[in-house]
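Shared between the two complexes below is chain A, which pairs with chain B and chain C, respectively.
Let's look at the complex of A and B:
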């Protein structure tokens, strides 16, 4: 009996380490960059699938894949924030958006008219004409009506909703690109699967490596936030972005950095997940949901909260799986619902 | 030192500042007084780059700054001590002060600057390890001012430093502002506490509905009929 309790607890810690890592990433993106990133799980999927390819095709050790996937997902996240989210942060129409929308609109109108034989024109010639009209319109609007609202920042609440919607779209884009590249099949590889005995229970070496990396990254991140100049700037920006700017913080850079770091954590978590579990291009959403539950459990935007919450949920999942493996996700939802009713601000929330 | 020329500032469709001109001369305390909603804080936010004017220019030491982002304006030597202190509540007193010296240049000399700030505000040294939110109101204002000085500014924009403080502490705050000027820091002071402000200011402007209504040396304004009626209740 005692050993099985210990088994379950250790299994919970192993699972919890992954959850903590995933949730810390989302927490950083939401707590500082204010993006409730629905596409978080897709970065996990990218990390996992990339590792699989690196291992099976190029024979690259998954531990080395961490060093490859981490920076790549970081850069990807950083660029996505610097381009798309940056535009959502400042007030709406930017040069280019109107061009695209207007072109599509005019072209659609043209095609409807063409269907009824009202106009006879080559499709591509029509497209070119639409594009020219749209660019002129865009330019004119930018010079007149939109000039004044340019560069002024939108309210925080507005950004939270637009960025969430955007990340929702991003989820579909990344997922479908992954489908084109990797196809829908569920795949796995075996790496470091030799069993290790802890207190009488057997665990795969790969699971222990996963836990080790999660804790290592958690601690490194903690020291980064509390000891370094940029880390302090991140905390300041989380607390009051406007005043952080007054201190000399380049806010756009720090927000993009946070989004990139969150993406990197997801990417690395993906690498670690692929060592222990099968992966496929469709796996992202499941982890997004778990990340959201953990972040809510730990307290929205609280990074230590996410770390603790991850382990708490891992242990709960492990206990439930011990009795009925299929019910783990159900238990998570149950906890989530209960949490919203009893303590909506989470464990460490303010 | 700082020239604000014909700026117009909008919040969405609402115009807050109308064709406003202002000049701060090196080494002076320029006070900006006016009722709530007159646009005082907006003016400071525009100077420090948080809000952009839709027209007009702002230049500092001969350089145009109205198109620069806030973090570059700080580097040029303008420090903005915001209304309501706005400390980083969960960070320690020391970390708050370090954030004040975030800009590359001031980060290198932060230890030396820290000693100067601790000399000016001895209470902050005692409380260095505490989270900022555990300080009393007066100490928080000291911290906000200390943080603003950590960037070694040439010009300090101070927004309502006496807000919510006991009269004795208000005296202290004004004393410190005066001592800053003696150290060669130019000050643009926004205050609701009109009488005391006009007493320490070299020059003052009265802001009404986003326009400068009156301008003159502090004593002159204290004697002005309009100011006495509208702001001093005499």
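Let's look at the complex of A and C:
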């Protein structure tokens, strides 16, 4: 009896580590950048699927994949915030966003035409042509139509809803590109699966590595926030963006940085998830929901809160799964509903 | 001498609407079977979109629970259809009865969800409704596998024409209700909540009650549509019934059309539902990709949707004649 309780608790901690990492990323994106990022799970999926490809095709160790996927998702998130979300925030079109959207659109049209055998072109040549057309269009529009638009900061409430809706679009785009690239099948690989005994209970080495990395990244991030200059700027931007800007914080830079860091955490979480669980292109939304619940549990925008919330939810999930495996998500949800009734601001919310 | 002038342009829009309705109502007399099926699914999207916009368009609270209400309607239809014998089901009034029950159960769910979340800030509402679909799906899946042993259910089959008329009836009812709500005290209350909720509360609007009631009303129509569409699909399981795309697509369609005017969501839904019919079977992934790009571009460049652009062009063509009118 005692060993099985310990069993469940440790399993919960292992799960909770992942949840905490996922939720910290979202918490950063919402708490500082004010983007309620529904596409958060898609970055997790990207991390997971990329690791799988790196491992099975290029034989790259998943632990090294962390160093690859983390920066790539960071850059992706940074660019997305620097173009699209900044446009939504300042209502000023930014060079680059039309390039991205138009390239995607033209490329899709090209793929459809190619499927009908109307066009015969090399993939990369087509992509290059799309990119060139898009850049020209972007340049032309920025020189003409967009010059008349003036910068005006939108209200926080408006940005909250437009950015959330935009992240929907982002979710569709990322998910479907992944579908086209990887297909819908569920895949997994085995890595570091030798069992380790903790107090009589057996766990896979990979899951312990996951927990270790989650805690490591959480702590590193905590010290980054509290000990460095940029961390101070991030905290200032979180508490009041306008005043932070007046104090000399480059607000656009900081917000984009936060969004990028959140995406990087999601990407790394994806790498860690792929070590333990099967991955597919459709897995994003499930993790988005978990991240959202954890963030709400810990308090919207509170990073220590989401760390604690992650472990709490992990342990709850592990206990529920012990009795009734199909009901873990239902239990999370039930707790979420209860929380909204009793303490809507979450465990550590202000 | 005073000339009594009558503004005929006021009659233009209702006239067009009436003409479209007459064409739609008489369609089964001369249209092909395929056109009925196609229109049924287009009307389904129009209903989902308009009822989404009824609540979320004016208040700014983004509901992501459309698929949940739709699925509840589907399951009501599946369960009720099983409990009664086939001879009763031959009666078309009974179909309407099932549809109404489906709508009411959806409204009850919406009422509970609204009562829990609508007194909080908007983001909580979005979060809670976002996961609601997955919650009900998981709960049902667990129940079905554990207690009934099978994942799916069969629904009673009825003719395509009956389905078409019922769904057209739901659409009409929805349009009427939407029109009158927008004209009524509640519509104004919703608008003011959307503009500034605190101010609305201060002028004496019972903010939470208005929100919960309108949210429940909008769910009625979604649930009804679910109930009738279940009879069209004949086989259902939790994955089909609680498809998250049925949440996302109405949001996209409404935003694409523009939520400020009542006909914005209708236009958006018709355009996209037709596009879906053409593209879905051949290019399921590309079509969602196109949707994503269009959604992103709409939010960035057309904040008032397609209708907003058209109105801007008309205003420019009219040359400042309507310079004082809004939007």
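Throughout what follows, the second predicted complex is superposed on the first by the 292 of 350 C-alpha atoms of A that agree within 3 Å, B and C clash if a C-alpha of one lies under 4 Å from a C-alpha of the other, contacts with A are read in each partner's own complex, and residues count from 1 in each chain.
Quick note on the criterion: a contact is a pair of C-beta atoms (placed from the backbone, for glycine too) under 8 Å apart; a residue touches a chain by one contact, two chains touch by 3 or more.
On a predicted model such as this, the values are computed, not experimentally measured, just so you know.
Once the two complexes are overlaid through chain A, chain B and chain C fit side by side, free of any clash as defined at the top of the document.
Once the two complexes are laid over each other on the shared chain, residue contacts for A:344 go to chain C alone; chain B is not touched. By the touch criterion defined above, A:121 reaches neither chain B nor chain C.
With both structures placed on the common chain, the touch criterion links A:162 to chain C but leaves chain B unconnected.
By the touch criterion stated above, A:229 is placed in contact with chain B alone, chain C being left untouched. A count of residues in chain A touched by chain B and by chain C gives the higher number to C.
Using the contact criterion defined above for the overlaid structures, shared-chain residue A:296 touches chain C, although it does not reach chain B. By the touch criterion defined above, A:329 reaches chain C but does not reach chain B. Contacts of A:108 after superposition: chain C is touched, whereas chain B is not reached. Put simply, chain B and chain C get as close as 13 Å, counting only Cα atoms, in the superposed view.
On the side of chain B, the complex with chain A involves touching residues 10, 12, 48-52, 54, 69-71, 74-75, 79-80, 82, 86, 88-91, 95, 98-100, 102-103, 106-107, 147, 151.
The touching residues of chain A, when paired with chain B in their complex, are 147-149, 151-152, 229, 232-233, 235-236, 239-240, 242-251. If you check the complex, the residues on chain C that touch chain A are 60, 62, 116-117, 120, 122-124, 126-128, 130-132, 134-135, 138-139, 141-142, 145-146, 244, 248, 251-252, 255, 282-283, 285-286, 288-297, 299-301, 303.
Residue ranges of chain A in contact with chain C, taken from their complex: 36, 38, 84, 87-88, 93, 97, 101, 104-105, 108, 111-112, 115, 157, 160-162, 164-166, 168-173, 175-177, 179-180, 285-286, 289, 292-293, 296, 300, 324, 326-327, 329-330, 333, 336-337, 340-341, 344.
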